[in-house]
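A, B and C label the chains in the order they appear, each numbered from 1.
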Amino acid sequence: MNKHLLDVDRLTIGFPNVDNVLNHVVRDVSLHIEPGARIGVVGESGCGKSTLAYAMLGMIRGTGVRVHGSITYDGAQLFEMTPAELQRLRGVGIALVPQNAGQSLAPHHTVYQQIAEVLDIHHHMQSDAAWHRVVQLLGEMRLRNPEQVARRYPHQLSGGQQQRVALAMALAAKPSVLVLDEPTTGLDVTTQAQLLALLQELTNDTQMAIVLVSHDLGVIAHTCQQVVVMYAGEVVETGETERVFRQPYHPYTRGLIAAMPQLSADGLPQAMMGQMNTSVNRAQCVFRERCDFAQSDCATPPPLRFVEDARAVRCHHWQDVSARSNRATESPIVLEELRTDDVAPILELRHVSATYQQPSWRWWMRATPNLVVSQVDISLAQGQTCAVVGESGSGKSTLARVITGLHQPADGEVYLAQSLLPTIATRRSDEQRRRIQLVFQNPDLSLNPRHTVAELLYRPQAVFFGRSRAEAQSHSITMLERMRLDEQYLSRFPQQLSGGEKQRVAIARAFLAEPDVVVCDEVVSALDVSVQAALLSLLVEIQQLRKTAYLFIAHDLAVVRAIAHTVVVLFAGHVCESGSTKHVFANPHHPYTMELLRAVLTIPPRVLQTRGEHSVEKTPHTTGGCAFQSRCPIAIHQCTHIVPPWQKASEHHSYRCHHPSDVLIQLRSQLSLPTTEE
Amino acid sequence: MVLFVFRRLITSLVTVLVVAAMIFVATEVLPGDVATAVLGREATPKRLASLRAQLQLDRPAPERYREWLFAFVQGDWGHSLARPHIEIRPLVIERLRNTLWLSGIAGVLGVAISLLLGIYAGLHRNKWFDTIVSTISLIGMSLPEFVIGSLLMLLFGVVWALLPAVTIVQPQATLLDLLPSMILPALTLIIVMVAYILRMVRSSVIDVTQSEYVQMAYLKGVPHRRVVWQHIIPNALIPTINAIALTVAWLIGGVVVVETVFNFPGIGRLLTSAVSDRDLPLVQALGLVGAFFYIGTNMIADLMTLWLTPRLRTQYWQNAHEN
Amino acid sequence: MLMRISVFKWAQRISLSAWIGIVLLTMHLVMAACATWLAPYVPTAIDTNNMYQSPSMLHVFGTDRYGRDILSRVIYGGQFALFISMVSAVLSVMIGSIIGVIAAYVGGFFDEVTMRVIDAIISIPGILLLLVIVTGLGTGTSVIIFAMVLSYMPGVVRVIRATAQEYVTRDFILAARLRGERVKNIVWVELMPNIRDVLLVEFAMRASWIVLSVSGLSFLGFGVNPPTPDWGLMINENRSVLVLSPWGTIFPMIAVATLVVSLNLVSDEVAKMFGIDRGVRR
């Protein structure tokens, strides 16, 4: 066996379940990591990728855990080390960037103290030398004012800054292997793109090996040369990233890629059958029950076979899979055409502004209202979808609250089918409330954990139609079946359902009110890609059946491209650009839209450009002029004091900018935007 | 920061006022004739009338409350009802000295012991030491103070006769004379106190040990000893401050029983006898003194927590500077 | 079928310590409820021929200074403490949860005022509050219950308000308000089922503390009046003859201790079962 930097050899990790049967979280995984290698580990939640990442640092937690196999670093076996030896290795040999930097940074220590601790332990560097090194490291992380950041506590930093600090901490002792566990999950798309670009820049010419664990194929494609696809704790495919994603050999890899919404193509992403179970049958191929290619011989589990140079796959029928093109079958559901005829809109927002009063802890001070949504106009036709996109803090969720009457707007009106709606939900009639339904982002919060599905689905029917439980049941069953759930689900509680199932119940509840408008607030963003794809298809299917209009709030542009007819781009509460999705994405005019599009991680990957940190909350609140001025690469003097005028790019596409379109088109040609067909 | 301290002082003051009002209401305003309550049902009409005049019960309650409070603040705590020649303030201050020594010794030792045991048990969760300590603390929590006190008295005072079982020295005795009589009451207080704080410290240590940032400290290669001393212990102690403050509240109540058990001349025993005698002014004064100490401790605990928690500290600091 | 399996598993999952608690608690409840049939003698019957007897076949726990049978007095002695604590605990939790839920749901000024008053009551150390009330109102069952509720209810308000607040901001409450559900429905159908567990834990915890307080009051002489049998009172009465005849002190001590231990064990288990962190709250 030739010597590698880090060797994971036939690693198996299992936890006993309630009935004391061993449940394998990682099974028979082997990885060989050379200096300078960049390896991506990809798979959906529950596939064992995080357990694998922590095992690489010699940390396996849990009661009754059983481990087989070995991890060897530089000739030494991790699981045979004494605790003290392991501590000497961690940080220097192998370092970790955790998923949630906000919780992983110690709340009672400053950024300096935490990074200096690493320097002190591993390099015995203290006081002045340590301070300079910390500031230097933070500077390398492209943090503005590194000295100030060093003196701060973690809670005083934004999510992007925290993640940069965590990265600096991991790199402080110059480790040979860097393990990153979902390093960008939970960050805004633009912040994510910058962080990945930074990571590339920092590691380009070092001998440091990188293991990046992510559920996001785009992140892997942009960072790693090699990819390991995991399913149910097993490696199902591995190889060069570019080749694997271009032509997958395993049906699961193929399914993952097909489920990823694409900016470049029309149509909905395709979902895989079924879902991953916590206890899979390991006597057969673990993917058999969800596989389109499964045959009788799949009853015996396939071995991981090397089929080409550095390419292995765990499938009996990989040749069949590779022979089929990536997107062989078109999705059966196609989005309806954008309605261009002048029909009256079902929902209309006119000049809506909203403020938030910051609760003040001192009662004698009046709180200053904070403008979060400013002069927003949206018009939505029956049976159509309008997407609202923007980063966190752009005011898109406030917009949802204004429409549903949970938040009183400071200014402007909301019309439902031409009639003015009272601003507050309690003043609206039952009928008005019924016609606008809201689906929340997180079903764990929006479904009462103590109610069965039957009760959850009964409540709106009781309120809006006065149905009895018996009458409601048949309606509930019909709706559940429409959501591809069956009657048995009626007696279950939310915690007995998977994330995708919960969200389907939440959608079923909204549709049982027979609404005209459904406001979807980030309904798919917390879900795995394959589950997300399934949910998007369901949403479109029921929309076409019921002619329901969606106001679809999202941050993922590819999802928006797949589902929305029109799009409204929101920055700090201001609309930058709006119009038909196809036009806006193919032909963006506003610099912010371009920035968002540039940050989308496509497959195949594009070059990401490093730039300094920025975030919405750090943007000084502009009292006049363009809201985007401080982040705009082409801001001119006018932008600081004159509100930019609306300009038309085409019949169904307008934007707000001082620049003439040729300047903007020139800017666009300089940026490497993903190509989209019009 | 300064503003916050100021605000916290104000709320404490308001709380003291509200508590004073409640003590006043409970003792003088609640339904039933106070004079009858004090003197009993067999009292002669004449004595009732004279007591009513003495307490000025015919005057409106708010007015009486105001006067009582003002007099109290100015140091005029009045005379005992049961023994009219005794002035309350010197009496209370003399007994308070004894009680403060008793509870001070018990408090310091008790907190120290419970921190040591709690941290050790929390760090070695589910090991034999933890199991033993947790079991004993559960029993300690379940035994009333008077049971523990009586048992100790039986063992040390009677069976082995090492220490005075009950206090026989005078209340005015010097500290040195009082010390031997203080050991058993202090021990009783310590046992019950340790049972409570230890549980809190232990669970706090376990919480912090399981936090992501402690896991992260291990993952960046910090040696175990350093993780324990620099990450786990400091963070685990912050929530403990409030538990300690809560226990001070208990100490104030606990001394009442313990002092009665050991006949120790502190404010606790004074209170029980005052309650038995229906000595209203004395009960009011003791109630206020007790509440004052408790509210003060709580305030200090809050301020310490604020000072030691960066998130809170910087939040108030920033707010103060932004406006 | 499924039901039976789950009950069986549930029973299996209860820890040994909790089983000890359940057995002890049941014993105490049976003892208090069936005292008339269980006690061998009338607890107040004076027998001057048999004073200060040590345990024997005739008097299993011995006799006290009036020759009263200690076993009978111990059996009867829990009635008062148990009755008072159960009634007070039920009332504290009921009143406390109503106030807590309303404060959390209504919020604003009402919440602010309620919580200030609650803070003030909590600022009076427990025994002090009890003694102050006893001074003003005298002793008696209803006064003691009133005092117990007043001193233990504020803690319930705090806990329940905090729990309710956590749920009031959840999206499912917003969803109910968007549907236009009545306040009554939101509280009873949406909110209450989520608070149930915390209520049960609070009840079990308060009950054990109240038992401690009630026996403490009796010990100080502010509980029931002699010659009614009561553990706290018995310990106080027989303490002076601890050396001569320890039986009158030791047996009631064991009785109080086992009752509180059992309540603590049971409430610990209930808390663990519902995944509620049971810190030391008062």
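Here is the rule we go by: a residue touches a chain if its C-beta (ideal position, glycine included) is under 8 Å from a C-beta of that chain, and two chains touch if they have at least 3 such contacts.
What you are looking at is a predicted structure, and each value in this text was computed from that prediction instead of being measured.
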Most remote chain, CA-based centroid, reference being subunit C: A
Comparison of A-C and A-B (more C-beta pairs in contact): A-B
Rounded Å distance between subunit B and subunit C, as computed from the means of their C-alpha atoms: 22
Rounded Å distance between subunit A and subunit C, as computed from the means of their C-alpha atoms: 50
Contact set on subunit A toward subunit C in their complex: 404-406, 425-426, 430, 433, 437-438, 440, 442, 445-451, 459-460, 463-464, 509, 513
Subunit B residues touching subunit C - in the complex, by the definition given at the top: 14-16, 18-19, 22-23, 26-28, 30, 32, 34, 37, 138-139, 141-147, 150-151, 153-154, 158, 196-197, 199-200, 203, 243, 246, 249-250, 252-254, 256-257, 260-261, 271-272, 274-276, 278, 280, 283, 286-287, 290-291, 294-295, 298
Contact set on subunit A toward subunit B in their complex: 54, 57, 59, 83-84, 87-92, 95-96, 98, 100, 103-108, 110, 117-118, 121-122, 153, 155-156, 169-170, 173, 360-362, 365
Interfacial residue positions of subunit B with respect to subunit A in the complex: 3, 7, 211-224, 226, 230-231, 234-235, 238, 308-311, 314, 316, 319, 323
Subunit C - residues contacting subunit B, complex: 116-117, 119-121, 123-128, 131-138, 208, 212, 215-216, 219-222, 232, 235-236, 239, 242-243, 246, 249, 253, 256-257, 260-261, 263-265, 268, 277, 279-282
